[in-house]
Amino acid sequence: MAKLTKQQYLELYYYLKLTRLLEERLVNLYRQNKVIGGLYRSLGQEATAVGSAYALEEGDILSPLIRDLGALLVRGIKPREVLCQYMARVDGPTKGKDLNVHFSDLSRGVIGPISMLGDMICVMSGVALAAKLQKRELVVLTYIGDGATSTGTFHEGMNFAAVHNLPLVVIAQNNQYAYSTPNSKQMRIKDLADRAKAYGIPAQIIDGNDVLAVYEATRKAVARARRGQGPVLIEVKTFRMKGHAEHDNQAYVPKELLAEWHKKDPLDRYEKELKVKRLATEADLQQITERIEAELEADLEFALNSPFPDKSVTYENVYATAS
Amino acid sequence: MVTPVKAQAKQETAVTMVEALRQALDEEMARDERVFILGEDVGVYGGAFKVTEGLLEKYGEERVIDTPISESAIVGAACGAALMGMRPVAEFQFMDFISCAFDIIINYAAKARYRNNLSVPIVLRGPCGGNVHGGPFHSQNPEAYFLNVPGLKIVEPSTASDAKGLLKAAIRDEDPVIFLEHKYLYRLPRVKEVLPADDYLVPIGKAAVRREGKHLSIITYGAMVYTALDAAEKLAQDGIEAEVVDLRTLLPLDEETLLNSVAKTNKVILLHEATRTGGPAGELAARIAEKAFEYLDGPIVRVTAPDTPVPYSPPLEEEFLPQVSDVEQAARELVKY
Amino acid sequence: MAKLTKQQYLELYYYLKLTRLLEERLVNLYRQNKVIGGLYRSLGQEATAVGSAYALEEGDILSPLIRDLGALLVRGIKPREVLCQYMARVDGPTKGKDLNVHFSDLSRGVIGPISMLGDMICVMSGVALAAKLQKRELVVLTYIGDGATSTGTFHEGMNFAAVHNLPLVVIAQNNQYAYSTPNSKQMRIKDLADRAKAYGIPAQIIDGNDVLAVYEATRKAVARARRGQGPVLIEVKTFRMKGHAEHDNQAYVPKELLAEWHKKDPLDRYEKELKVKRLATEADLQQITERIEAELEADLEFALNSPFPDKSVTYENVYATAS
Amino acid sequence: MVTPVKAQAKQETAVTMVEALRQALDEEMARDERVFILGEDVGVYGGAFKVTEGLLEKYGEERVIDTPISESAIVGAACGAALMGMRPVAEFQFMDFISCAFDIIINYAAKARYRNNLSVPIVLRGPCGGNVHGGPFHSQNPEAYFLNVPGLKIVEPSTASDAKGLLKAAIRDEDPVIFLEHKYLYRLPRVKEVLPADDYLVPIGKAAVRREGKHLSIITYGAMVYTALDAAEKLAQDGIEAEVVDLRTLLPLDEETLLNSVAKTNKVILLHEATRTGGPAGELAARIAEKAFEYLDGPIVRVTAPDTPVPYSPPLEEEFLPQVSDVEQAARELVKY
């Protein structure tokens, strides 16, 4: 286990809590019809995104999925950008053209996904390929859901990255459902880690609700990839505590399962761990929460004041040069 | 406003397009045990838009099959099952994802009869279109991608009764049918309709004249039928009588109805929500300019979405989607020509 | 090992030899420009197609790839059909519309492939799904090349068949090259059998040049599938002794490899085995060969006399009913 | 017969289109180290049609990359590398296999700039078209599948010098370009040409008038340019002067050249090898009927392949492909109109 400074431990807490509180704000906005598209929560699985992204270094590149808001925050994306984006305002990173985490900022090492699941494994393999060709030592981190491991593009991208020995780390988020579909109807294997065997790359299974474990596993995988030893798949076991999106009450998920996983909440757990290990006091955590609340308040105000884009934006940037 | 289907008895209450589609599936599954449904979340959840709701409970897991997230496998499995005499109806959660199965649709399903004398009676259905703030990947109109693929049929209903009758016809069709359901119409109050009580089909390949007129024809389909009708209503106030043709089937085209309308009005607007360049209006324009040239008294005018992806933010999406005022304005200019 | 009758042993020999001699005829026709499209040989790997197809029962369904001519012959396809098809004549099963093994005959349990590699895994999963839904006890057999295991459709189809527990047996033909691409550039694994681990289905590795071993492994897998125990992947190790197609002199294949595998020729080997085990005498084999030669002579004459299709065939059968 | 590229110095010998393409790749790789090639069998083998022959030896394994059989990964990897500043040129062994990457092309590559302000300067090239007895899966003309996708460019050269100049322009273009090479032209003797000696580009988006005429315009591209020219030659014997326009770029269209030709001749034949319904002629017809209607003195006539897959057997494929006599006959009828 790499030694983290107290500040780093607290930073991890900050990102976990920021993710949760920002999403809560988004839920409110969704209920007020201000978040116009769907809203996909990461409740209960915030540690997978935060812990993994925290293992990257500057210059590394990450592509999140819809439930990886926390990873974006770790990369330096500001809540106001996220709020504007979800509310389709002109100050969002896409000026309202695309939704949720579908935005990119190469300067902060973020490449936004598209909705077609699996495709980003192929695209991020290409980013990793370029890194290799350019002899840059950067590592590429991306995510895949349990359900999305069934896509052909996941397979093609993983196999491509493996055979070209590319610096790609893939976090396979096993939150046990794909929309209403449990893994038992998605695949005949129990562990997503088994998918890696088809590509001849190492895989690990990690408790996804343990942010430090996720961080540590990713850190090692990233280091390995940076050394030129190729891709790694890390399966993080977790649970989707809300429906697929806010409209879905997930009646199809057994209550007991939810109750069981509720007890494993990654934030509660990390709070306790910090306290038990005496890395933080209740007051430390309180202070962080207050800082977040203040930040969110300001960003929310900014976002709410941001106008919708002018309709002329519709026509911008289809091609490099307007024809 | 909607051409009534000829049928005596009626159901008791008006239903949405979603319910009409559900009825079509239900009736066909009851009628023919070879019919089954497969797709992502179509079972327990009843589909992302609840079109298959209740069917799992009624017909069981063997006939309402939840699949992995694998559009090519879904279509491939439908094809294979069809070869064995089944009648699969595959759902795409959003029609945007039909692109993920493009190859197997155009290369296996569409060509099997021609190449190998095999029947592939499959229906590929799901929600298309914008106006619900779905952004670039949940709003596409994919029809033009498939228009140049011989062997396929492409259908898009605009009314609840057509949705039911066409889906039933698609399920009974011997060829692969791409069935596009405009999600903006799914639960739109004005689309609610009291359906015929008895078993009925709406034939694939037949357009419907939704409104008669003599000064110009607006040729369209899907959600844009309502845009056309609203524009026609406004134009009528100034004595401009627009005929509105709802194509209903894009492949094969009902050339007769199309050309008859042009022959009658001599002026034509082609209206679609798909983007302009390479969109379905091209084929329509080509047919008209080739086969009804002598009837034309003015340019063939296209009113379509612009050549951009579908943007998310409301003012952008509104700008993107053809509006009643766009059609109205184009019509006023055209009649003056 | 299932007991085969002498007649069956000889029948296997018949199909192996028929495959080889028919292909030799095709090569001649190709050189005369009478086979108009490409010609893809199965030289050196005839045992994989013949041995596996021989394990099917009546009513089972098979879909071959271009190098599985032998499997078609086992299923009862006649050389004259094949010759007409390759020469694009009207008496071929597609009347000249499609080429090589791209033809189907459901009555003989044959479904022709399309060129897009991997797609048939999805389609044949569907055939197997129908068998399951219809409560028919038939089994579906299909093939995939080493290279084609990299396709997304292979992945989607395999995963689909696995999770739905379908009666599908897949012969993964490891002939070590995909066109000019050696497996080392195709995947990071040595054995195609490893691909099966991602789907939670059993896999086996078989000497593909041993027709009896291929037969026996397939027979067991077919029986298992018929019992409702789901898909099996059988990797058959073999070697492509000719170029990708006749135009390709495979200069990229090390000569030593070819020499090594030449010694393992499946026909030579099976001949020896038959003789050593006293299942056949030289005279028996000679007689079979003569029978084949006579058959091929007649069929060749038939095919050469078959006309090209009338141009009106161009327009037939695009839709069920002409529009 | 071919409009000469304006350039003083010439190479020494006439080269095939394959060689012209190879030169384009070679020169761009030499010029710009960000350019690299990936695809199936492009390295050791030099590509199924030998377009990349010798480049592995010259530029090494890092710049000429043999990939697994994974069209989506190839395109996806090209996109990702392009995001990082590279200039990937991806080869499809046959353009028929571009369908296997349809989703990632239209959803990632085409939309990245619009959605996320990202540059995806990739070239997707490979052999298309029939007339070599390739059958249904090695003969397709896929351009129409992509015409309704804003963000893409689509190019198809008909001459060796254009092939080189356009490919170089495509590599330098900031947007994703689908580059269609008609395989029938790859080594066709009449396509051999002495190329300019110096670095030159042929701009994307510009059509070329291959033959001037005044009685009608034949608008076409790819291999059909020769069919059009041969028909024009025959027509000329009877005093019918056909203008032949080679579009070269299908997206974006050179509307100016197109409409100018129509304005000049007043009659137009749209000719393509792609099948009829939903084919590229639709967009051309729509543009003409919308923007040059007043110039038209006759119907817009399409000469195309029929609505079937591409059959294998020579008499069928000949029937399928538009022939010189088809164009000639259509032209004779049209001039009489």
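Here the chain labels run A, B, C and D in written order, and each chain numbers its own residues starting at 1.
In this text, a residue touches a chain if its C-beta (ideal position, glycine included) is under 8 Å from a C-beta of that chain, and two chains touch if they have at least 3 such contacts.
Note that the coordinates shown come from a computational prediction; the quantities given were computed from them, not determined experimentally.
Enquirer: Relative to chain B, which chain's C-alpha centre is the most remote?
Expert: C
Enquirer: Which of these pairs, C-D, A-D or B-C, matches A-B in more than half of the residue pairs in contact?
Expert: Of the listed pairs C-D, A-D or B-C, the one copying the A-B interface is C-D.
Enquirer: Using CA atom averages as chain centres, what separation in Å is found between chain B and chain C?
Expert: The answer is 41 Å.
Enquirer: Just curious, how far off is chain D from chain C if you go by their C-alpha centres, in Å?
Expert: Those two chain centres are 36 Å apart.
Enquirer: Using CA atom averages as chain centres, what separation in Å is found between chain A and chain C?
Expert: 45
Enquirer: Which parts of chain B, given as residue numbers and ranges, touch two or more other chains?
Expert: Residues 67-68, 70, 72-73, 96-97, 99-100, 103, 107, 111, 114-115, 136-137, 150-151, 252, 307-309.
Enquirer: When you check chain C against every other chain, which residues touch at least two of them?
Expert: 94, 97-98, 102, 114-116, 118, 150-153, 156, 159-160, 163, 185-187, 318
Enquirer: Considering the complex alone, what residue numbers of chain C touch chain B?
Expert: 93-94, 97-98, 102-104, 106, 111-112, 114-116, 119, 121-131, 133-134, 152-153, 156-157, 159-160, 163-164, 316-321, 323
Enquirer: Show me the residue ranges of chain C that touch chain A in the complex, using the header's touch definition.
Expert: 118, 150-156, 159-160, 162-163, 165, 185-190, 194-195, 197-201, 230
Enquirer: Show me the residue ranges of chain B that touch chain C in the complex, using the header's touch definition.
Expert: Counting only chain B, the residues touching chain C are 36, 62-63, 65, 67-68, 70-86, 88, 103-104, 107-108, 111, 113-119, 150-151, 153, 173-175, 205, 252.
Enquirer: Which part of chain A faces chain B closely enough to touch in the complex?
Expert: 36-37, 88-90, 94-99, 102, 114-118, 147-148, 150-153, 178-181, 185-187, 248, 252, 308-311, 313-315, 318
Enquirer: Quick check on the complex: what are the chain B residues that touch chain D?
Expert: For chain B paired with chain D, touching residues are 96-97, 99-100, 102-103, 106-107, 110-111, 114-115, 136-137, 144-151, 251-253, 270, 274-275, 277-286, 288-291, 293-294, 296, 298-302, 307-309.
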